[in-house]
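Which chain is which? They are A, B, C and D, in the order written, and residues in each are numbered from 1.
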Amino acid sequence: MSWNSFGRLFRFTTWGESHGPALGVIVDGCPPGLPLGEGDIQPYLDARKPGQSRFTTQRREADQVRILSGVFEGKTTGTPISLMIENTDQRSKDYGDIAGKYRPGHADYAYDAKYGFRDYRGGGRSSARETAARVAAGAIARKVIPHVGILGHVVEMGGDKVSGFDAAQIAANPFWCADADAAARWETKLDAARRSGSSLGAVVEVLADGVPAGWGSPVYAKLDSELGSAMMSINAVKGMEIGDGFGAARLSGEQNADPMRPGERPGDPPLFEANHAGGTAGGISTGQQIICRIALKPTSSILTPVDTITRDGQATEIQTKGRHDPCVGIRAVPVAEAMMALVLADAFLMHRAQVG
Amino acid sequence: MSWNSFGRLFRFTTWGESHGPALGVIVDGCPPGLPLGEGDIQPYLDARKPGQSRFTTQRREADQVRILSGVFEGKTTGTPISLMIENTDQRSKDYGDIAGKYRPGHADYAYDAKYGFRDYRGGGRSSARETAARVAAGAIARKVIPHVGILGHVVEMGGDKVSGFDAAQIAANPFWCADADAAARWETKLDAARRSGSSLGAVVEVLADGVPAGWGSPVYAKLDSELGSAMMSINAVKGMEIGDGFGAARLSGEQNADPMRPGERPGDPPLFEANHAGGTAGGISTGQQIICRIALKPTSSILTPVDTITRDGQATEIQTKGRHDPCVGIRAVPVAEAMMALVLADAFLMHRAQVG
Amino acid sequence: MSWNSFGRLFRFTTWGESHGPALGVIVDGCPPGLPLGEGDIQPYLDARKPGQSRFTTQRREADQVRILSGVFEGKTTGTPISLMIENTDQRSKDYGDIAGKYRPGHADYAYDAKYGFRDYRGGGRSSARETAARVAAGAIARKVIPHVGILGHVVEMGGDKVSGFDAAQIAANPFWCADADAAARWETKLDAARRSGSSLGAVVEVLADGVPAGWGSPVYAKLDSELGSAMMSINAVKGMEIGDGFGAARLSGEQNADPMRPGERPGDPPLFEANHAGGTAGGISTGQQIICRIALKPTSSILTPVDTITRDGQATEIQTKGRHDPCVGIRAVPVAEAMMALVLADAFLMHRAQVG
Amino acid sequence: MSWNSFGRLFRFTTWGESHGPALGVIVDGCPPGLPLGEGDIQPYLDARKPGQSRFTTQRREADQVRILSGVFEGKTTGTPISLMIENTDQRSKDYGDIAGKYRPGHADYAYDAKYGFRDYRGGGRSSARETAARVAAGAIARKVIPHVGILGHVVEMGGDKVSGFDAAQIAANPFWCADADAAARWETKLDAARRSGSSLGAVVEVLADGVPAGWGSPVYAKLDSELGSAMMSINAVKGMEIGDGFGAARLSGEQNADPMRPGERPGDPPLFEANHAGGTAGGISTGQQIICRIALKPTSSILTPVDTITRDGQATEIQTKGRHDPCVGIRAVPVAEAMMALVLADAFLMHRAQVG
């Protein structure tokens, strides 16, 4: 079943194909009275936009967002906000090869097995172009929780991890990398991959500061669960973890403890001596920084021929030319940030509903 | 907001506290006409039941399930199936210490910050006792997809990984371990942890065979996303991955490819030369084995005193005595299997709804 | 598809068959800290309980409610509240006639056409016994909106309408009738119907006072729409209206106007010179009394033989003996009140979520 | 809480204000492979379009629909279908009077009480212009259930009822009236109302033929309940009923019976001797014609001055000039048809999901 909506109270529904006339998103459930204009959304789209450096796909999209409803006199009205982005670079090309063959690692075969056919023009709804809509929705989510700061960065590329964190570096290189040394190494690595028509995987981390204790829920709407759903819905993501994540599985109970002590002044929230848990306990925020990481597989579109089959079931090979990201992890950063914002805005409204 | 339901069409809602009279689950959306009796559910509960070996909590619960509705003359009627399990070992003890102090690593503080108070008797809804209800629901889910085989096992404990897979071994040791050598090592390791009042983390893998190509959805109901939501809702889980997961982030596009070739006979589904993707592409099943792994943190209840605060905000220490699992990963195996079954049963109904 | 849940944030799920061991309801999403005990729920169940007068079915059910979860030290915890009512009078009788024949006017044939079989013991989930669970849930909903007063009464029976409204009369007769003269007429009428094995329809009105302006939503969660869904889900209800309802369709715009004037003191809500709209405008509450009426068909179980068919498709007749309500409208009063409370509690939480 | 989505599996979300640049709808959950083009949708929009006769508002809207996604090579793809309709006649006028005063009978006051402000340009989301989006979605729903025929007509205007039914008449007059005599009387009546700046209420009936037995659900997704929710969400609707509806409340059990007899040939569905129930029993379709009626209040915008208050709470009067429908019941016909189609398409998918 097609399911293109996300969220419980702060809900959004995305639409549009990679090669259709436009794509968009309806954001429903937004509180009224928030200042909102296209200028609040565009910077996030620009951050995700293809063609920003030689390390992302050279498809050229303006990704200009237009607000079609839900805003009146510069403020949200509490009614659905419709955002639309026109596709301007649906290059008219020959899809012949892709149309008749399944690209391994892409949704092609599974999609066809499901629906009985597929939109072979760039993957239809399977295209990562859908994420532009999420990024736009995420910009609105940030308005709902203005005191929460959300920051994404790449922490590992092609197996090579960062070893430091300097927030100022993140915007200073084309990799959203907080470690200048790692960024330099990645440049070499990714250039090599790009030239040989190969690709690299990556790990992206998203941090959220300013979330008070108490958001989330103890059972099926744990923050962990909502983030699991959100992050695993991003194209090419094959894993996610919170706090120490898989690393926590290698610790003892003593090593993994997050001891507490009183806040500095009476009434202050408690201080934690560690944050192995990544900001949640029992699915509810603790007031610490929320830490989430996602693993992105290397782009499946590579120049090396790969065995595959045709729609008729005949053996063949496929070699994917064209404009692809050599490491989809880079452009996933603003997308993951958006999903974090969307989950947290929803958690905030859900919390306010029950507790007031 | 409290959210105790899961699933879109095959939906279940759990209820009950660790120290209340009973707990249970309502399963709604089950197809009619499936043979179902308590005997179909009890074995799964027995597998999860505490006190099966010295490596799980010594709390003694019969965990006897009773079907209260939705079954008539031995078959499901298509109406809600109510299952109840009475709590028999709510030991009358002194909760004084726990009642007044927050246990770091547990939901205590976050829960109180959310709701303004908490049920300090064993954690209320934060107790892993809730998972008994999921396991019961999962047994019904298996009936909906009888051709799907689901198998969970522990693949890593305290950082020590299995190196082989022999399905026959899984039931032959108290760790659900498919590698006899690893099981022997874990026994020593966990005995040491148990005696010193410490605890270990673990990684659990769940495999599903027999899922045809085409289940799932391209965007927000990707199988990956549904599994992300399901698995991250299990107590103590801090990470999840599908297929190579975080490992895929370290591969090149060539290494990560899952090449396809034609099935043996015309009409057969295609064969895949690898399964790095873990059985999904673009969120939809490919017909390969579904592979999912989850990371469980070490039990937070340890004998070593940990800094904490009282409800009044005063500095103190806490030392958690009592009956605890030294490695919650063991009893998480039937729970993770159940969540896999519940996600897949739902995906099957969702697929049938849209495509027929 | 079986769908046994209602509500968006204040959600409940009912379960149980007429002739199973018990029935119940899980209420999820209730705010924490509300005082709640079985004594808060039982009076509403007693009001609905069968066998209160000769004008309701003589089935004898204690309808004793038990809280199994979600309440700790006399207060709601914010987690799911499980309520259970045991069935004590599942009279062991011969269902042979009903088992093999479809009762016209009942769900029998439609149910069988849907599910391929049916629980012929008293209708299974189609039995109005399910409404006990709603009434129990409704008692909790009232706690969420303590300043809202909800009052149901029968305004028409067998085509005979009340002509006055004296709230004090409602509890003084077995018909929840606010007009003593009408109650006297109905007694004669319904006695005649009862003796001849016939039945009468009725119209029930539910009033809600104290709802502030602003609850509801402009489009698909209009209060009108939520009440439409809620009221039309009650057994035997075939119509519903708000305010003047079908009568409004016969008025001119001038006659139907609800003119406004300022409240008595600055800051007071406005006063309305009429309430044709029944307390909602554009789907949102106006601060006036909410007025809703529902039409209940006459009980389909009558002594007069009616043409029908057997499960095998053979022509036959059926004559329904047994313990039936000669006018289901009477016992629908507490049910309709409960549904009003449940809709309003949900609307309150929904409003608080978005607007704070 | 804003809630602009409807449906469980066949879901749609509408957006757009009366006086914004455009409005639209996303239809999600549509089965793949259905032939669909703008030409399948436009006729229904044309039927609802204003300005078709002197009996509807003279606002001139082309209401030209554009499919922006979800259709590929003339067929639905199973992914979200985005439809957009541009607003072309957002007449630039002086809203001064409306901006500062609440129009009684409209959502103005309630809306402002909810959100703290309102979009005074034509009512924002409260405008019946939103129903264009429903009508467009309904056209797609019809494609999902091609064997179901849906027909709406006006059965009462200003208290004057039709006395016959000739389907061929419906398109032959500007009132969707199946009775030529009634249409002639209504013409006079409505002309008088229109000239005097008054308005009339109406009752609309929607019939659905070809629905097999078995759609719907026994409890909270009864067809009756889904229709209750759907129909009561239409602007100006204040009541709804199924089958005999409020009339059934005046019948005895014998009069209200729908006796059954065997179908003509073995295997044929049963025949019913009456259809007081309007095609549902216990919330599930019986295979008979579905009959639903809705009551529409007279347009609140009238020329006669009505007492009201300003936003500042001062007493004043309002007189609504401008382009209004003298009887909103006329243009409600295609809207009610659309809601019927949307409910039934959803019920079909829900049924297929559970029962196959």
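Assorted remarks:
Basically, contacts are C-beta pairs under 8 Å (C-beta built on N, C-alpha and C of every residue); 3 or more make two chains touch, one makes a residue touch a chain.
Fair warning: this is a prediction, and the values are worked out from it, not measured in the lab.
Looking at chain B and chain C, the chains that touch each of them are A, D. The chain pair A-B and the chain pair A-D differ in C-beta contact count, and the higher one is A-B. For the pair chain A and chain B, the distance between mean C-alpha positions equals 26 Å. Put simply, the C-alpha centre of chain A and that of chain C have 46 angstrom between them.
One inter-chain figure worth recording: chain A and chain D are separated by 39 Å, centre to centre, where each centre is the mean of the chain's CA atoms. Residue numbers of chain C whose C-beta contacts span two or more other chains: 1-5, 9, 14, 29-30, 32, 78-79, 114-116, 124-125, 218-219, 350, 353-355. Per the touch definition, chain A reaches chain D in the complex via residues 1-5, 9, 11, 13-17, 20-24, 26, 28-30, 32-33, 68-70, 72, 75, 77-82, 114-119, 121, 124-125.
Put simply, chain B touches chain A in their complex at residues 1-6, 8, 14, 102, 104-111, 113-116, 123-126, 130, 156, 158-159, 193, 198-203, 212-222, 224-233, 235, 237-263, 266, 270, 272-273, 276-278, 280-287, 295-302, 304, 306-309, 313-315, 329, 350-351, 353-355. By the touch rule above, chain B contacts chain D in their complex via residues 9, 29-32, 78-79, 218, 349-350, 352-356.
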